[in-house]
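The structure is given below, and queries will be raised subsequently.
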Amino acid sequence: MDTNLALLLLLSPFVGFLFNIFFGKKVSKGISGAIGTLTIVVSFLLSICFFAQLNQNGKPFEISLFDWIQVSNFKLDFGILLDQLSLLWLLFVTGIGSLIHLYSISYMHDDENMHKFFAYLNLFVFFMITLVVGNNLLVMFIGWEGVGLCSYLLIGFWYKNQPYNDAAKKAFIMNRIGDLGFLIGMFIIAALFSTLNYAEIKSAVASGDANSALLGLAALCLFIGACGKSAQLPLYTWLPDAMAGPTPVSALIHAATMVTAGIFMVTRMNFLFDLTPDVQNIIAIVGAITALVAASIGLLQNDIKKVLAYSTVSQLGLMFLALGLGAYTVAVFHVITHAFFKACLFLGSGSVIHGLHGEQDMRKMGGLRKAMPITFWTMMISTLAIAGIFPFAGFWSKDEILMVAFGHNKALWIVASIASIMTAFYMFRLMYLTFFREFRGTEEQKHHLHESPKLITIPLVILAVLAVIGGAINLPGSMWLNHFLEPVLVAKHEAHHLGTQEFILMGIALVGAIIGIIWANAKYIKQGFVPKEDAEIVGFSKTIYNKYYVDEFYTFLIVKPLNGLSNFFRTTLEPALGKVVYGFGTVANGIGSQGKKLQNGNIGLYLFVFVIGICAIITYLFIAQ
Amino acid sequence: MQVLITIVSLGVFCLLAEIFNLRKLLVPITVIGLLAVLGISLNLWSIDSSIDTNYLNMMATTKFSSAFSSLFIVLTIFILLLSDDFYKDIPTKFSDFIAIKIFLLAGAVAMVSFTNLAMFFLGIEILSISLYILAASRRLDIKSNEAGMKYFLMGSFASGIILFGICLVYGATGYFNLEEIYALSQGIGLPTWFPIGVTLIVIGMLFKIAAAPFHFWAPDVYEGSPALTTAIMSTLAKVVAMATLYKLLSGMTVALGYKVELLIVIISILSMTIGNIMALRQKNVKRMLAFSGISHAGFMLMALLTLSTAASTLLYYTTAYALAGIAAFAVIIMVTKNKENENIENFNGLGKTNPLMAAVLTASLLSMAGIPIFSGFFAKFMLFSDTVKAGFLIVVIAGVINSIISVGYYFKLILAMYTKESNEEKVSIPFAYTIVAIVAIVLNIVIGIYPSLLTDLLV
Amino acid sequence: MDVTTLLILLLIGAVATLVSGDKLASKVALLFSLVAFGLSINLLLQFNQGTDIGFVSNWIANPKVALALKADGLSMAMVLLTTALTPLIILSSFGNSFNNSKNFYALVLFMAFAMAGTFLAADGLLYYIFWELALIPIYFIALIWGNGDVDERKKAVVKFFIYTLAGSLFMLVGFAYLYSKAGSFLLEDLYKLELSNQEQFWIFFAFFLAYAIKIPIIPFHTWQAKVYQKAPTVGTMLLSGIMLKMGLYSVIRWQLPIAPDAAKEYMPILIGLSIAGVIYGSVVALRQKDLKKLLAYSSLAHVGLIAAGCYTLTADGLNGAVYQMIAHGFVIVGLFFAAEVIFRRFETRKIDELGGIRSQASGFTSMFMILVLASVALPGTYNFVGEFTVLYSLSQVNIWFAVIGGTTIILGAYYMLKMFQNVMLGETNTKVFADVTVSEAIVFVAIIGFLLFLGLYPKPINNLVNPAIKEILAVINR
Amino acid sequence: MIENILNIIGIENYIFLTVLLFCIGVFGVLYRRNAIIVFMSIEIMLNAVNLLFVAFSTYHQDAEGQVFVFFSMAVAAAEVAVGLAILVSVFRNLGSIDIDNLKNLKG
Amino acid sequence: MSPVLITFYFLAAFTLATAFLTIYSKNPIHSAIYLVLCMASIMGHYLLLNAQFLAIVQLIVYAGAIMVLMLFTIMLMNLNKEDEVHKPRITRLGAIVVFILMSVVLITIFINSKTIMGEYDSTGEDFQSIKVLGKVLLNEYMVPFEFASILLLVAMIGTVLLTKKEKEQK
């Protein structure tokens, strides 16, 4: 029975996908959306069932569906593993997924290809579930690539716009760079342990006779994979571009779920990373730097979704920081809270964009507070959460990260703290520019300003509520999450005792956040500053505004040379190689042409050669020794 | 011997037929006659290597001679079938042409069944003189004259060389009889005259098969001669000369020395290369096939490297080559019948105007290029295989490279047929051409599919 | 019933098509190819039951050549690939009309015959004959029914023919040499040969020339792009879908087992060359302007990887190579068909001139998309299974081979998606693009269905191929 | 009993004579462009060989050599007949028997 | 030096000289006459070797038939002029070089080849009288003898074929 339920859990979104792709066009948009949403809700409900079951008996549920890939030293089956970690993920993926589907019914209602949108979205959830529930790395990889595909499809959903398509392509390719790392990591693990099954790897690692250098390499490769998916340095540039997709997509894929796959993977493989401290250090450093860099870029962005995107990158950086420090539960905790408030923020921004008929530039917003109160308040709550204001969810999770960082390395803590302050600043900058002061858009837009429909606001409210109370799952006192995840983690993460130091750190974090807010308040409310037009930005701001020219740098360093090389190969080397082959023919033909001159029709010459030939042969045979 | 007599009487009959005005029936009758001869030849199969004492040690019917004679007869039948239409516009000389061709066959048969060098010499002279005549036979055509003249001058020069060679062999051994010579050649103490003589004979034969550097006549003569004569030269004459060369060498020497083998290697490679490379730039199809023939001569020379065992391979190669050549020439004659020259442009669009003939020509060219399932492939392969076994890898590699080059010009013709647009109307083809072309190519393919038909004959 | 039935059927099919007349030709050919497919399935069932469906009979006494047809798992897999793709390829051409279509379809069936023969032959010379025979039909198909400027086409096709022939003739010399050693062409006798290192080197090299040109491995690939571009799509499909696999199959069946020591000795060079092909093909494909040429270079990259897998001499490498051959066979046929579908409607293959098709033909877009994704080895498609196994085998040899070879998944994604974007996406095209017709859809659906099914459940092929590879490996490591 | 004449002259002398004569014939073929002189040169070559045949016949005290000369003469006669026929038709068409003018076929 | 030897040397010198003059003379008629003399001297050699039959045949066939035919042709073509243009000097030089080369090569190998010096057998049997020759020719060599007739027949047909005018069919 459980098997069937598990299959239903997995396949329900897929059914939705099939329905929408084949029949979506024939049924009304409402039905299409409803089916898309319902199938996710089914999965969500089933996830709850399994969750409850697990809570009851504490036994992970694992089944093998069928044999899949088989190589010389091991055989992989297509198996499902429902343990604490995967169920946690399932819950918030399907939960938030359901909300966002719901939201999308209204949000995408005007789009002619809405059924496709739902199809892709369902497909995404399907792959995300696959990623999460697989019992081995390869099944995870299916989901991993699958969500990448859906991300590609959804970013480029408005396919008539080529820049959007470029963004989609970029996302896919950068993900693929990471995927190669993932693959290589898998290869090394497979070579070392002859298996890719989590449980088997875990026991093999535990036996501890593996080559540690290779193990480190494997961990590093896996981390590269995570970098790609979770948009860490240096592979993060696709995520801001991915905002080209419809806003629900940004919320679901590029904020709440898919980008956390890297964290899921690292957590899944925690037993591996625990053995490779060097890699952990790298993860921590990369995470910290990513957090800082992304946050700093976020300071000056004017596109409302871009700000959120950089904020996402930055938050993911913090999560990786935690992972690198071995605090897996903390990272997971932040993933969950982040999912709540970031989804809410994105959906809110979607609501704003919806209200402004597609306007995304914050310079052309302002004063929406009155026109869109629900949106405003839910976003405000989420902003407070992300800024780390007590007692919202983000406060607890982020604070945990800072505490862990402090415990390990002060420098990391400082970096993380600065990133947090910046976060508070730019989030409030966003809020101020969008909702406060007077409207800066066109008259016509102003005329049409309105609160979004119920289907949009309900998910917002739910998420906002979660953003408030989400921290409860791992309050410093109860540490429910810590206990819940204990079975899947090898190294026990010590729960913080709430001592003086902890309270001081909390205080510092809170103060930092407030400083950020005050700074933003001073600049955008008090001074009434509105960001300048693109052309007027100069100096270092310009560098930041242009994202440190990282994209340009990549273009210069990789894309350009690659294209140059391609052109060189195509226009020079290929013909040259071809000519070499033709060369044989040309030479033969050339000799032939010369030979034609020798064959000049003169009998005298022919006889001459004849006689010479005779002399030569006779000389050779009878005179020469 | 019966074969020879029957052939000769058939030739005389042709001459008489003219008197009785049997021109119309001439070809059918001679063809039937030749089929009968073929029957006799095959009937003699059982008689093996026993010298026919009735005929005074002059001729011997061996498997070798019977097999090759039969091949020559078949080729002649094809040629005769083509003659009917080819000489339509000169009916008064028709029977002469037929007679000459039959005598030519007689010479050819003598060349592969001789046991006395006198028969060999007379045979080769009959063959050559017939060919001189046929080459020059289009008396108002200056090209034909020139071809005849060139062929005659160089041919008789080569005859002189052969004669000198025979003389030296005689001087060394005191015999013209092959058996005796062979017996003597095994002992020691023969004067150096003997190898010199053999060398000179071989050189003369190399001229006949148009091996480099004695090949210069071939392209000019092939081009200038009437197409049917070219067909004879490139198929029958070449095959005859090659078989004879093989017979001579294997009949007069026990084993070739290292130096001789090296020489054969050089000549073989030289012939292949010159033939193929020169063929690349030719516009005239006959000329192209002449060069192709030179290269094939080079290939066939490989057989001399495995002298003792190569008879069946050589039979196979010559058959494959000759059948393909006949099929090709049947089409070439048909296509260029009313044209001024035989340039490749004349073949443009043949694939559309006459797909069947185009297919036949394609098949025969593919066979010559050595593409499987056509017998040309097995022919080359067996040669390669034998030669590799004998340790002459270098020739084989040269042969392979040359096969590759050869595809270049064979395909020029195929391309012309299938990719160029024809600029003329569809013409009706005389039945004989179609029959000859198809039968020849079918035979070619049949022996390609069942090589054992031939390869087991001379084991 | 044994495998000769299949070959004879295909041959009869070719003849029947030839005599059926231009109007019926395509249908007759399709019928025969379908029957052949059914027959091969039947053969597969028999084979799985353990029936011996091979065939051995003497053919030529001197040189000793036998009509030996062997059907092990590897051969069966390749034959199935051939017989499965042939009907699809024939069906795919229903949207085109050819002059002299009876000749055209007869040649297609004849080629299928020759290729199936190549995969089945267990006698060196027989194998070689089939190998060469396969070349002739494609030569004429490309030459006569090809597209583009006649002179350029001629040049390309002749170059292709001469080039491949050149390579294979060296193989023939190799066989001649082997024959002189073994006294037989039978596979098992050749496997038994104990060759010295030097002999192995030369044999290996001679075979390598043939296969490297056919596969093609750089720098022997120069014929490929032009021919793919100029040949009619059916020809391109036959070439890329099946004929290239002849080369790869031959590496596994003939080259490696006969000269294993040479293969071991030069393994890094061989793998390096193959992988260089992966990178090179991908990089060249990046900036291609012609759709078919781009696919040609993508094919170059993919077969490079397969070849690398073969040369690892590991079970995974060989198995993966076979999986990938099958997967690539299907996907490349599908992709070329997509290019043809576009060409039928827009009369162009220039990527610059295309675009905006998606909004007009969603069905076609989806199918094309799936094929593109399969081509970049998205998990869930069979290509992933193949690529994963091959890359895994490479990682066993040297992790850097896997890393460099693995860039194919990045570069592949890059050029394929770029192509897809430029061809399909963007503002709606001004020209009308009708969605796929039924026959076109059948082809796509069959291919996609096959790839997805095996992608999730590759076991049938595994079970078929693995034992055969195991045997071959045993010979290699003798 | 008649003494073998070769005991006086020596077979090698005949050989040298023949070789020289043969070479003169070859020389003539190469040297002259008048076709009829070329024919004559070829006749000289054949005659040289005939002489050697006879010498060898004496050397071996064997009649066959002389019989062969007989055939050789027949061949020579036939060749000359055909050759002259060809020559005549060339002359009719070309108005010259200069072999260097026969250059239509080349390349 | 025996008279026989002197005769031989004289004849040899005469043969070579006339042969050379045949080639060297500018006038074809002169050439022909020198050639006749050359043939005659070879007949002398035959006589010296006691090959009487051949000597007669030589005279009849060569001097009588072949040379007359040639002379006839020369007359027919009105070639009795010294109008032949010389070949280019390089060709002539080449011819001379080849001549020398070939002579040297051939003579060298024949000097090298160990000829049987000294006593030559003399069986004393009659081996070259007309009677014996006739027997050999018509017994052992009967087949080639007949075959030679085919050769002559072919030559005959051929000559007719080459020179006879075709009736215009058109």
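Annotations
As written, the chains take the letters A, B, C, D and E, and residue 1 is the first residue of each chain.
One rule holds in what follows: contacts are C-beta pairs under 8 Å (C-beta built on N, C-alpha and C of every residue); 3 or more make two chains touch, one makes a residue touch a chain.
All values reported here derive from a predicted model rather than from experimental measurement.
Comparing per-chain C-alpha centres with the mean over every protein C-alpha atom, the closest match is chain C.
Of the two chain pairs examined here, D-E and A-D, it is D-E that is joined by more C-beta pairs in contact. Distance between Cα centroids is largest for the pairing of chain D with A.
Set against the C-alpha centre of chain B, every other chain centre is closer than that of A. With centres set at the average Cα position, the gap from chain A to chain E is 102 Å. Remark: chain C and chain E have CA centroids separated by 70 Å (rounded to whole angstrom). Spacing of chain A relative to chain C, judged by their CA centroids, is 36 angstrom.
Distance between chain A and chain B, defined via averaged C-alpha coordinates, is recorded as 77 Å.
Annotation for chain C: residues 162 touch two or more other chains. Chain contacts: chain E has residues 87, 91, 94-95, 98, 102, 106, 109-110, 112-113, 115-116, 140-141, 144, 148, 151, 154-155, 158, 162-163 touching two or more partner chains. Within chain D, contacts with two or more other chains are made by residues 11, 22, 25-26, 29-30, 33, 55, 59, 62, 64, 67, 71, 75, 78-79, 82, 85-87, 89, 99-100, 102, 104-107. The set of touching chain pairs reads A-B, A-C, A-D, A-E, B-C, B-D, B-E, D-E, using the touch definition from the header. Of all residues in chain E, only 87, 91, 94-95, 98, 101-102, 105-106, 108-109, 112-113 touch chain A in the complex they form. Those residues of chain B that touch chain C in the shared complex are 312, 351, 355, 366, 371-373, 377-378, 381-382, 384-385, 388-389, 393, 396-397, 400-401, 403-404, 407-408, 411, 415, 418-420, 450-452, 455-456, 459. Put simply, chain D touches chain B in their complex at residues 11, 22, 25-26, 29, 35, 38, 42, 45-46, 48-49, 52-53, 55-56, 59-60, 62, 64-65, 67-68, 71-72, 75, 78-79, 82-83, 85-87, 89-90, 92-94, 99, 102, 104-107.
For chain B in complex with chain D, the touching residues are 117-118, 121-122, 125, 129, 132-133, 136, 139-140, 142-143, 145-150, 152-153, 156-157, 159-160, 163-164, 166-168, 170-171, 174-176, 219-221, 223-224, 282, 287. Of all residues in chain D, only 1-13, 15-17, 19-28, 30-34, 36-37, 39-41, 43-44, 47, 50-51, 54-55, 57-59, 61-64, 66-67, 69-71, 73-82, 84-89, 91, 97-98, 100 touch chain E in the complex they form.
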